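I am attaching a structure below and will ask some questions about it afterwards.
Labels run A, B, C and D following the written order; every chain starts at residue 1.
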């Protein structure tokens, strides 16, 4: 069992009355226990908090007037360790439960329909199972360059596959896309985890449904997947944006801090490229 | 109240063991009452029928062995007439209920993020409300050419906006996309309706959330929206495909028949272009 | 030296006054000698024939009135055999002559800028030279499926790379694109050649500039490149379309016939998929 | 007749041996006379200067070793004033000379094939002639937002049409694309001109072939087109890049200075948005 303290500070300049929907809080999720937490908004606003029934994440919606807006979230979270059988098998499609069937379909950022032939050509002949998903992840790690600034909010898995660079959400989108193209349900997971290399930020990884359960994978190799404090789970990045807004705003400050209270085993760190202007 | 008999016949050549998910049956939906129905599969298969909890549609999933596969669905359905106040207003985003908030987001075929500036430029200054959605629909009707064969299963709203041609699902995708880009929740609706011009087929339209309710629009102008027997409701076409399959099949026959038991008022028919080779 | 008789019959329904530019005739080119030829147009039109100074191909331009239009071209052509040293080397960019420098740049259907990282990842570490171009060609042959109907007139190399299928022009576009991305000048070549498998049609291949000369490659493997009677040479398909027109027409008949007067050595034939509806 | 002094300073960090092709010098062109000029390279390199026979621009090619590289170009140029009949007519396609016929075709950044239907829908019914090109330019000026950072080196006219923002080269690409889609030859022109609003930079506009001559248009409205000192002319931006390179470099400084020696008439200035991060 791991124990982490996570924290996010966000500051905005709100330029016109704007509706916000934040997704910052540690999720109520079977794999983690929120020991303590607080979310502060300044100035105080009347916010509606709710838990999304499909995805389990906790959203905060409110209208903000023009001016400064600051959020501060801090939580202590226990993570249950999960051991996965390295021989987990892919399910035939008939055994994929109705409620997760939709994770086989393409989504805004994951055109598994368009990339189907490429995925089949690259991974279609491999032995099905968790080892195949691992091969997909290895291909991404080896063939996509982590490069901040090389993608934007409308970049899709197809774009990333073509241009061969991106950031964590792009890596996750490509992993999800290949899995779905192989008839393996897959979805995005975002949250807090300590990066060996600065700067700290929110992280995006993915999970694939093998052996009758969801198994986490991080194609960036930036952090151990089982240390991630889960915030959101969704079809792709649009379902788990930390901030969705309707109005005119400017992000002035974003700081993410993670403190892991138990030591990590030593591991090989994958160097990241410096940010592109 | 309208009363329709709808019927679909589908025949496939199944070339390898294939998993099917069909979405053919009239939905259990407040606006319609299924008086009688039957769904026949040949050869008989062990099928799982379930109602999707998010979208209300009724799905049939099963594995089919190689060989012929035929489906025949027939239903008698009563449609409640709905009158909409022509002055329905758009809701401010804060009043959009949590459970339909996701209909503001982009989806696989509806890149409302990418087309946001275009939508704002074309429709942003118009008076908000149902009349604005009507302007969006009119723009599509006037500027997009109905042309079978001009699009395919991976065509998105952006493509349609650029190339200015498509079929009913493309028209609906563009309407949905423009609405979401204007912060109006919108979603796809598919079903059965009589076309003034042959051939009969499944139809796709969309509905926008104005005045606190969902209102149907058909940018193709091919049939009156209130005569549609609803089969599926979803973010876009991928949620409401009449057939999603995993395997190798060939569609050998598709016939859709609609009989409206009460006469329609006379209306202007929009001519359709002949199919492109 | 090979000797071929080539022939093309084209028939159009011209629906409004239309300007045509045809590119059907065997090129005046150092590697071939036109022994005899004739081009018939029916009805007779006043046509302007000219040889493009950049590309060497011979164009026929004219206005056609509404009605039938038929072209018949037939030529006997001798092809010089060309032997290429299998050790031809790539030139450093400084040695690429000014007049072919532009064949390093992206073009309408060959986004070598966008696919640069993928090309570098896949082929960047290989030993430079004609053997590297051969590896590019082999990759295309192995990874792209020949499938009539899977692409259209606006399909680009990026699309083909993503969807993994296409026809001869798409294969050539991808080869050109990868070469340019590796700083090897490359361009499209179209012409007449006998296909082992019907139907006969115009063919598109590409040539890369290695060892100080242009060397032909056919990634489809459908015919030996040195048997092609050259019609056009250009940056990509838009420069060498057999028919560019401005108006409203319908192609009613297209027949291409090739007779090779000397036998071919036996070779392995790559099967092609049947046309997609 | 106008008289301008133009100047460009470029400094690079060359990280590996790199081949450069610069296109910075005022073109030898009938509409301008170079009174004096100098181009300095530091460190001194052995450069090959040549004039492109297709486009008339003057290119400088050389290999640079790792280290600093600086270029300084300065020229005094007289511009002939050109008066265009406001009633210039579009030519029927048959009257478009063979040598400019290719300016009707799509190119890398100008997908006039894809945007054909949109152009026809928006401008197809307008009276042909220079006034129609002016309407195209007005549409761009009104509907596209000038926003530095909103596009990149691979952005095409289609992207700009969809996203509704860009910089000068994007505006020019869209103008070229619409013209070609209307069967009006069009091409890009880049050069030096004084901007009413800083910062100074290279500028890109376009010219359309109407009334038997090339007429300049600037859809950004940032400067009078007849004050532009022409550097390059081409199908689109890839033909007229001020720097094409093969290697690994970083641009450290780019300064463009323009001094117009005769006063401009007062004009309405179009405000530009500030740069996007």
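Going forward, a residue touches a chain if its C-beta (ideal position, glycine included) is under 8 Å from a C-beta of that chain, and two chains touch if they have at least 3 such contacts.
Model, not experiment: these values are computed from the prediction.
Chemist: Return the chains shared as contacts by subunit B and subunit C, ordered by label.
Modeler: Touching subunit B and subunit C alike, sorted by label: A, D.
Chemist: Using the stated contact rule, I'd like to know whether A-B or B-D comes out ahead in C-beta pair count.
Modeler: A-B
Chemist: What's the chain with its C-alpha centre farthest out from subunit D?
Modeler: The most remote chain is B.
Chemist: Quick one: subunit B and subunit D, Cα centre-to-centre, how many Å?
Modeler: About 45 Å, centre to centre.
Chemist: Distance between subunit A and subunit B based on Cα centroids, please, to the nearest Å.
Modeler: 31
Chemist: For subunit D, what residues touch not just one other chain but two or more?
Modeler: Subunit D, residues with two or more chain partners: 114.
Chemist: Mind giving me all the chain pairs that touch?
Modeler: Applying the touch criterion to every chain pair yields A-B, A-C, B-D, C-D.
Chemist: Going by the contact rule at the top, pick out the subunit A residues touching subunit C in the complex.
Modeler: Within the complex, subunit A touches subunit C at residues 114-115, 117-118, 121, 143, 145, 158, 161-165.
Chemist: Using the touch rule from the top, collect the residues of subunit C that touch subunit D in their complex.
Modeler: Answer in residue numbers: 19, 21, 48, 50, 52-54, 59, 61-63, 92-94, 98-99, 101-102, 104-108, 111, 113-114, 153-154, 183, 238-239, 244, 246.
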